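Residue numbering begins at 1 within each chain, and the chains themselves are lettered A, B, C and D in the order written.
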Amino acid sequence: MRFYQEFIKGLWKEIPPFKLVLGLCPTLAVTAAAANGFYMGMATTFVLVCSNVLISMLRKVIPSKVRIAAYILVIASFVVIVEMMMKAYVFPFYQILGIFIPLIVVNCIILGRAEAFAAKNGVLYSFADGLGIGIGFTIALTFLGAIRELFGVGSIWGFAVMPATYMPFEFMIKAPGAFVCLGVILGLMSLVGKK
Amino acid sequence: MLNSLYEILMPLRAAKNLDKLPVNAVPAPEFLYVHLKQHEGAEAAPVVKAGDEVKAGQTIGWAMDFMSADVHAPMDGKVVDIERQPNPYGGFSSVVVIKTEGKRKSVESTPDPDYLSKTNGELLHRIRRMGVMCEGPAPPSIHSIFNPYMCPSRLVAHVGRDPLPPVDTLIVTAIDEEPIVSINQYMITRQSNDVPEAIKLMKKLSVVTGRTVLACLDTQKKEAEKAASGEAEVRIMSGRYPGTLRELTVWRLTGREIPAGASPMSVGVAVIPLRTAIAALKAVRDGIPQTSMIVTVAGDAVTPPQMVDALIGTPARDILKFCDVPEAPIKKLVFGGPIRGKSQFSFDMPITKGVNTIVALKVDKLVPIAENNCINCGACVEFCPARLQPNMLSRHCQFRVFDEIVKKHITACLECGVCGYICPSRRPMLQYFQNAKQQMKLPRKGNML
Amino acid sequence: MKSSGLIVDVGPHIHGGNSIARTMHNQIIALIPAIAVGVYMFGAGAIRAIAVAVAAAVVFEYLMLRALKKPASALADGSAALTGLLLVLMLPADVPWWVIVVGVGASIVIGKMLFGGLGAYPFNPVIVGWVILLLSWPGLINKWPRPNHMQWGGIAESLPAQTTIEIMKRYGVQMSDQFSILDSFLGFQPGGIGSVAGLALVIGGVFLIARNIISWQVPVGFIAGIFIFGGIYHAVDPTMYASPLFHLVSGTTLFCIFFLAPEHTTSPNTKWGKILFGLCCAALTIVIRTHGTHANGSARFAILLMNLLVPFFDRIRPPILGLPKKSKEAAADA
Amino acid sequence: MRDIIKMIVVLSVISATTGAALSYINNVTAKPIAAAEFQYLKEPALKSILPAYDNSLVEDKIEFAVGEGESAKTITVYPAKKDGKLLAIALETFASSYGGDLGAMVGYDIEKKRLSGVSITTMSDTPGLGTRTKEPKFIDQFKDVPLDVTLALKADGGGIDAVTGASISSRAVCKAVNDALGIIRDNGENIISEVK
């Protein structure tokens, strides 16, 4: 039961960029299209789950004074592994995500979950937490990407949905558009949360 | 007359020619309500009781501390009661209710032509016994002007500073601080005979070592030079409103800036309004106690504006009736000038020694003031005489970030109200600042002399 | 003692009569000459665009006021109409109506109301709306119709309708020497509906300064800056850099000087701060025009960037009255 | 003291372990990465611009030095052969664009003495705007361009229609292609003879 709760909280109650307002760097940078957001979310999820599990295993070994350094080491290793694996076997994904993969290292969600959850809880729950938060992150990024792609390009996941005469609102897929879009979603989320 | 004040963004100028108006004495009303607190400091102690017969000029309240002055009966009559009533300047104070008899009589006097041979201490004592006060919400008595150390409220501002320097400049000012107020202007044209002697007395009391200046409006240069007759150098100044404040008068005449909250004495300057100086002269020379006020009645409900001589304790209703002003259209009654005056809730409020003007306003000329957004137009910053940033300060006050306003030196605020007067958003600027000062227990700017 | 039903409050008991509505209405009045010239130059298309913009602005403002639970009476102050008007005057007269609606919506919703409405926004909402349009449909809002009555002795006829700035950027400064400064000043140049007519804008600006709606410091600082920095470039190499007069009359420079830069909320408050703000805007304008890619919107980008620095300009102010000498540094910090 | 030793030991162990894991994975993936990079980056570009060929481009590619002095650089030339006969060559040139360097693979048909096509290999411009230069509508304008032409956008007085709103990216493509044209003009004979 608790496993389920730890998993489900990441999907709405603590959905990372919207409720926790963490991990804004990839949220703003890669969500120009729904697919980009999805792949970035999946890569992050993989790293998050792996690092959560490993850190949870090592939580009694790592002295608290050097824990951040140890976490970063673990996280960075997984990120590099993901990058190399992607390059070698799924190069098209790597082409889309490109420079954003190394940025996962400094994504505060991963360090945040390691510090706030994995360092205090068992392996199973840490796995659930990592998976839940990761999937929540993926949903959020895909959602944001879909909105920006819909208005900015006129398509979702590459499929044109707007009529051919639609003049794309290109502001949405540019950097300032990401800020405005995220800001509006954050505002609406907190409005919904209030009621 | 007041209509000219509703000029858009024009600087407030001193009212012209109000001092030329005839002054009629208001007949004594049936009941006079004489407050025992008409000054800074403690309330005076009553020395009469209900049922006593009093004569005009008889002491009815005995000053209890150094800052206050005695209170005298303005008319012959019978004390009906001594009761607590609302004071026009806030709070409650004891009121001696006198039922007057018949016609208004002149006050009994004890002249002393040899007053200049007396010591300063004796003169100040006599002035205090005669109840001479300045005007304003918490008017200082004349003896406390020359001895700020003796007043606890003044002393706070001087703690930690250098000892007071000797007075090297004495400024007798015939400029009224606010636009409609015209009592000091009136003195220079209508009571010019007493001006040289009053200046001489002030020189003696302040032990001035340097120059003596008679400051007057640029429109009154000739009269002032005639009136001063060589006793003081005449300096003219424009009557643009915030510049007429005492602090800024000192700054414009001497170039010295008075530290926040301190009296002008701390920079070696003594400032005396001309009316107070003449009242003091009358007290020591002629022995006349202060029992009446020359009051300007103006405002858009009053056409034309008038000047009347009213006994202290006369309710505003009787003054308005004497001036033929209908009460119905009046929606706001202000004791004091139109900017910093105190609005009253009742026509029955009696005047005190602090009231030199009654402004009656109709509602259609009043603008709605509300907590609107500041649009950051910068008008208040441009016009602020203390060179503060009222726009930011008012926001801090509005959202109760009071630590920030102390850091931003709200104590330097002169509470002149110009920011509120020109604000296009119609924000209650002065109210914000006064409230914040009260919350933070900071010294308020009264009529600081 | 009985209350007589009088109003009791704190002074000042009289008011100078200034109001937000007066400020905004006067700015709209000041735009009338520019609008008139725009209509004369670009015909009915200009009227259509202005009508769409003002209507859209009022509707968006009303919706946002309702959504934010603010009194709808705030509409009457005219600030929404002014925002819409200022935005559309920078656009070409034949721009599609939906571009105007989106631009005005972006101005009002994103640039203005989401920050808290009048007085709270850090950036000039008009420029925010324009930048969003520029990022989205640069092709649509940089395609200028040729003014109806334009006569440019030969040279311009062979060129597509570009603003004089674009022509200078693309074909070199020699080309820009062939335009008559006077013609440009009178409005005979391609450009936005209201931003072409220099003379009309100057009339409006002088009106605003005379009515005390805007202070003279920002425009004067801006114009002085154009002459100083443009003059320096021009003096260094007249064959490479255009003259300051050219910079002044072309593009939206004069529009920015009198209507966008002195906008109350996004400009400094203190006298010297305002002058410096104008100078810095001018310097950035010249630099962006000379070295940057978005030469056409240089003045607007300059203002947008300088809006960020307004709190710092506000710190340039005289010492507070009566403050002891030793704490004057502390006053500067506050 | 014990704490410090523990810290050092734990950190060292973690570092060593991760380091070892990474170097192992690096070794394993080195070859697939190189193959994937060619397969996904260069090959599609080459395929789209070269006529049908049957040789291995990776094995036959040559390095060629062009320019003198400061502008000297080495370019990689890919020859396309069918049945041993040289049909076309391709080379990559770069130009600076909105978001950084833009790489264009330019194919040259030796028979026709015209460009056989241009393809964008690397670019980091705005997605959906600058990246639209990859679309056939724009890029096909460079097909069959003879050697002696200098390309320019219509706005600059040339004949190329720019991508709406992405004139900087479009201009960068023109410049890269112009560079390639120059190289082929100046060194074409040498390259062909060396490739043969």
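Everything below uses one rule, namely that a contact is a pair of C-beta atoms (placed from the backbone, for glycine too) under 8 Å apart; a residue touches a chain by one contact, two chains touch by 3 or more.
Everything numeric here is computed off the predicted structure, so don't read it as measured data.
Comparing mean CA positions across the assembly, the chain most remote from subunit B is D. Put simply, the chain nearest the middle, going by average C-alpha positions, is C.
Inter-chain centre distance (subunit A to subunit C, centres taken as mean C-alpha positions): 41 Å. Chain centres here are Cα averages; for subunit B and subunit C they lie 47 Å apart. If each chain is reduced to the centroid of its CA atoms, subunit A and subunit B end up 69 Å from each other. One simple way to say how far apart two chains are is to compare their mean CA positions; for subunit B and subunit D this gives 86 Å. Within subunit A, contacts with two or more other chains are made by residues 168, 170, 174. For subunit D, the set of residues that touch two or more other chains comprises 165. Taken together, the touching pairs give a contact graph of some other shape, not a line, ring, star or complete one.
In the complex of the two chains, the subunit C residues touching subunit D come out as 137-139, 160, 170, 293. Contacts from subunit A toward subunit D in the complex involve residues 32-33, 58, 61-63, 65-66, 69-70, 73-74, 76-77, 80-81, 84-85, 87-89, 91-92, 95, 152-153, 168, 170, 173-174.
By the touch criterion stated above, subunit B contacts subunit C in their complex at residues 2, 5-10, 85-86, 247, 251, 257-260, 262, 327, 330-334, 338-349, 359, 361, 363, 365-367, 369, 372-379, 381-382, 385-389, 391, 407-409, 412, 414, 417-418, 420-426, 428, 430-431, 434.
Of all residues in subunit A, those touching subunit C in their complex are 167-172, 174, 176-177, 180, 183-184, 187. Contacts from subunit D toward subunit A in the complex involve residues 3, 6-7, 10-11, 14-15, 18, 21-22, 25-26, 29, 32-33, 36-37, 39-41, 126-129, 165.
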